[in-house]
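So, here's a batch of structures to check.
Note that subunit A is present in both complexes that follow, paired respectively with subunit B and with subunit C.
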Partner chain A sequence: MIDPAVVEGLETFIRERILEGEEIGLTATTPLLDLGILNSMEILSLIAFIESRFRVAVPPERILADNFKDLQTIAGLVTSLGGATA
Partner chain B sequence: MRCRAEATPAALAVVGPDGSFTYGELDLLARRVACWLAARGVGPGDRVALWLEKSAVAVAAMQAVLRCGAGYVPIDPLGPPARCRAILADCAVAALISTERRAAAVLTDELGDVPCLATDGHAQGRRWQEALAAPGEEPPAPGDAGGDDLAYILYTSGSTGRPKGVAVSHRNALAFTRWAEAELAARADDRFANHAPFHFDLSVLDLYVAFQAGASVHLIPDGHSLAPGRLVSFVAEQCPTVWYSVPSALVLMMEHGGLLELPAVPLRAVLFAGEPFPVKHLRRLRERWPGVRLLNLYGPTETNVCTFFEVGDRAPENGAPLPIGFACCGDRVWARRGDGAVAGPGEIGEAIVDGPTVMIGYWGEAPLAGAPYATGDLVRVLADGGFEFVGRRDHMVKLRGQRIDLGEIESALVEHPAVREAAVVVGGSGLSARLIAFLVSGAVPPPSLLALKEHCAARLPRYMIVDRVRVLDELPRTGTGKVDRLALAARLAAEGRHQEAIR
Partner chain C sequence: MDFTWTEEQTALKRAAADFGRRELNQRLVERDEASRFSRDSWRKCAEFGIQGSFIPQQYGGLGNDPLTAMLIMEGLGRGCRDNGLLFALNAHMWSVEQPLLAAGTEEQKRRFLPGLCSGELLGAHGMTEPDSGSDAYALRTTATRRGEGYVLNGTKTMVTNAPEADLAVVFATTDAGRGQWGVTAFLVEKATPGFHLGRDQHKMGLRTSAMGELVLTDCYVPEANRLGSEGSGASLFASAIEWERSCILGGCLGTMERQLETCIAYARERRQFGQPIGKFQSVSNRIADMKVRLETARLILYQVAWRKMNGQSAAIDAAIAKLYVSESLVSSSLDAVRIHGGYGYLTELEVERDLRDAIGSTLYSGTSDIQRNIIARLSGL
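Let's turn to the complex of A and B:
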């Protein structure tokens, strides 16, 4: 189950902090790596956000392209790590 | 590689994400693939494209192509099919080695009947390797492939909007790898880390210096670059003795992966190239690892490596850039002033390279035929006769070590129906540098950033996709009618100050 609140939290962070407020209409399946929205630097700040916001640790071996391809898969990663939105 | 396979067949040659090969195993697979290629008419002078993820099998495929006397063309595994197709057509490949899914995406009718070997395919119930040839079968001798024949073509960003193929001969590559082998005193017990993708010239050192020395090469999978922590784990687990990468990768590993906190590493040499190493980080590296040789290599793809600088016991002071050093590999390098004279100490000129590492030429253009190569890089001559990198003469930039001709991005952007004119500049610096496109659009509303990113992603490698878009009524021009890039840069700087003020 993908938690829509997690998707929304991730979307807000990417839009406000990574895209610096640029409104580009991200959807849950916009390919973030293929479109160069996330690169190695940006993934680092996204992971720092995930760890503090959802109170999880993202182990290095889970930092795979397959886990970061779009908002939906990142949200799936957060959920599988036991991330909480409350 | 063949000599090594005869001398030490049981020695480890390559460790990849898909498994490891000893020299004997690598030789056997290369021989089988070479037989497959030869049976399809591949021979001296031909080109064979490799569109594969980084893997031990891809290394065997390269060896197989060379064994046929042909040249290989490694293509960015993360790049779009359209770019791969353009490259296949540009150098008229005789065969493609790829996977079934990738091949289906690129082999169109226009390319004719290019034979394709799919490394994930099955034939008559057997895995592809076993279906290739009987183990004892030998490929025909490659004829008289000599030092001046093509070894590989590396495609780089080109100003005309099409990628340019840098054609490198065996002699060019060997001039570099033999120099590096001697300089590093490479030994059979060395372990080379391979960080760079195979379509990037840094990988030539990792693969071929390792094979010359009978050492092993340890491939870092394509995806690892996303996580500095995984790169550092790779160092901890694979224990490389020689590391070669762009400085950005090392800086990320130091800053976010805990590289310098590793207890003990058997590294004896760390080499870097592709962009200036920030001195602040270099000093930390030097202090933490006093016994490790630190070598700054310089050279555009067209000349392999043509100068190098060894960082001494003390890294340069903050503020003083790291020199690119002195000519190597048998090359002669000098700085040519605007008036054509050779620049002296303190003066700036364009780096000119003459010697054995200078490429055959661009594929499809007249060969250089031994003429010196003008790099387009501006360098300052230092008091000791060495060089320091200053900048570029043209619109080529380096972003995290990747070479980008901004003209190629602009050409791609104006192919979009709603883009009339485009100028791309780099905003920010170092790891936070971004590609900013200034556009003139006839459409209302103008195309969205998402639409332009999708447009770029279908045509360009990932590192050339624009990060931000600004739509203008017209592009600022200089008196001669050229796009005024300084005015665009000033606009970005003003925007940055405005953002800071808001914060």
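Let's turn to the complex of A and C:
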């Protein structure tokens, strides 16, 4: 079960820090990799955010395309790692 | 955070410094001039346990934790003046052994790690290409599925240890359209048909380490030699380079410590205008700056290694450490030349070589500019 607060936290970060306000109609299933929104530097930045905001460590073996396709899959990764929103 | 070393760790660092001083400094000026790597020194290091330092005992290593391994490298850097050898060792340990340990199958670990620890095998890490350096994932080397394996084609350049390598971790794209997500790592053995050594590449410094090209022409690699899953190469590379940035600098700390000792001794002994030159503030200030850089660099680096050892992410810390330690090494190496005056410029005193070697540290494992980009990005810019 994916916590909606995780999706919301990720969405806010991507809107503000990666898209920097550019409106692309971001939804939970927008293909972030196919649209080139997450490049290698943005991935670093996103992982640092995830680790600090949700207090989890993202192990290298989980940094795969399948886990970063869209907001929903990233939230699924955070949840599976035991990320906390409180 | 506790950086108190145990007696055993301190003894290991001291033993590494003594070993380096006693065994690894022979004919160094001559070898540097000839850009000659010493396989003999490599074997001695393996016998001492350097290459197997952090590898678990069941794979032929000593089983130290990474922080202890970094401390041993710091000790080695203090005693061993052969910075090229230290560079070659670090490339082998953190860019070949570490990813193999982290992502290798049990069969791969049992097959390769004992030889990498014993000195029988020497490892290289092929990532950089003629058209992809700082933009590391813009690879042109391809890996195309064929039967039970892959056919690799492409050229890797500026590969540390390449001319001497028995085994290379080679990164290739299995899906060029997917950028970093198509990057996959392979273990390629020296005797593999289609795997050739290209030209040797000569350098400004670190000349006693070998560097060159790796050329892959229809090189068939079985699936059993794929390191990690398809598409996991970028995260494997990023993790390896984070380790490298954290640990490769241990030797640099040792070098800075040695430089400081040498400069203090020289400033006490060398007399001008009727007194030791260390009595002149322009000299003593330089030495004070060198000391501050060393101690600051040490704290930054220990913190990164401590975070890595405790399973914490250290991307920004590793970038800060890489930037600060390497730039400090260049500044202190230049100060060392200035303190020695004209003699520091002469090859025979072995002061100028440290400066030439130090420049490399601001370029390898991500340039200082790239570290600044990472720090800025992760700081929210």
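Everything that follows uses one rule, which is that the second predicted complex is superposed on the first by the 86 of 86 C-alpha atoms of A that agree within 3 Å, B and C clash if a C-alpha of one lies under 4 Å from a C-alpha of the other, contacts with A are read in each partner's own complex, and residues count from 1 in each chain.
One rule holds in what follows: a residue touches a chain if its C-beta (ideal position, glycine included) is under 8 Å from a C-beta of that chain, and two chains touch if they have at least 3 such contacts.
Since this is a predicted model, take the numbers as computed values, not measurements.
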{"item": "Comparison of subunit B and subunit C by subunit A residues contacted", "value": "B"}
{"item": "Partner chain in contact with A:Thr30 - subunit B first, subunit C second, else both or neither", "value": "first"}
{"item": "Subunit B versus subunit C as contact partner of A:Ala57, first or second or both or neither", "value": "second"}
{"item": "Touched partner set for A:Ala5, first subunit B, second subunit C, both or neither", "value": "neither"}
{"item": "A:Arg17 touches, of subunit B and subunit C: first, second, both or neither?", "value": "second"}
{"item": "Which of subunit B and subunit C A:Met41 touches, first, second, both or neither", "value": "both"}
{"item": "Subunit B and subunit C footprints on subunit A, overlapping residues", "value": "33, 39-41, 43-44, 60-61, 63-65"}
{"item": "Subunit A-facing residues of subunit B, complex", "value": "222-223, 225-230, 233, 252, 256, 431-432, 448-450, 453-454, 456-457, 462-463, 465-468, 499"}
{"item": "Touch list for subunit A against partner subunit C, complex", "value": "17, 33, 39-41, 43-45, 47-48, 51, 57-58, 60-61, 63-65"}
{"item": "Subunit A to subunit B touching residues, read off their complex", "value": "19-20, 22, 24-26, 30-31, 33-37, 39-41, 43-44, 60-61, 63-66, 68"}
{"item": "List of subunit C residues in touch with subunit A within their complex", "value": "102-103, 136-137, 178-181, 228-229, 231-232, 234-236, 238-239, 311-313, 315-316, 373-374, 377-378, 380"}
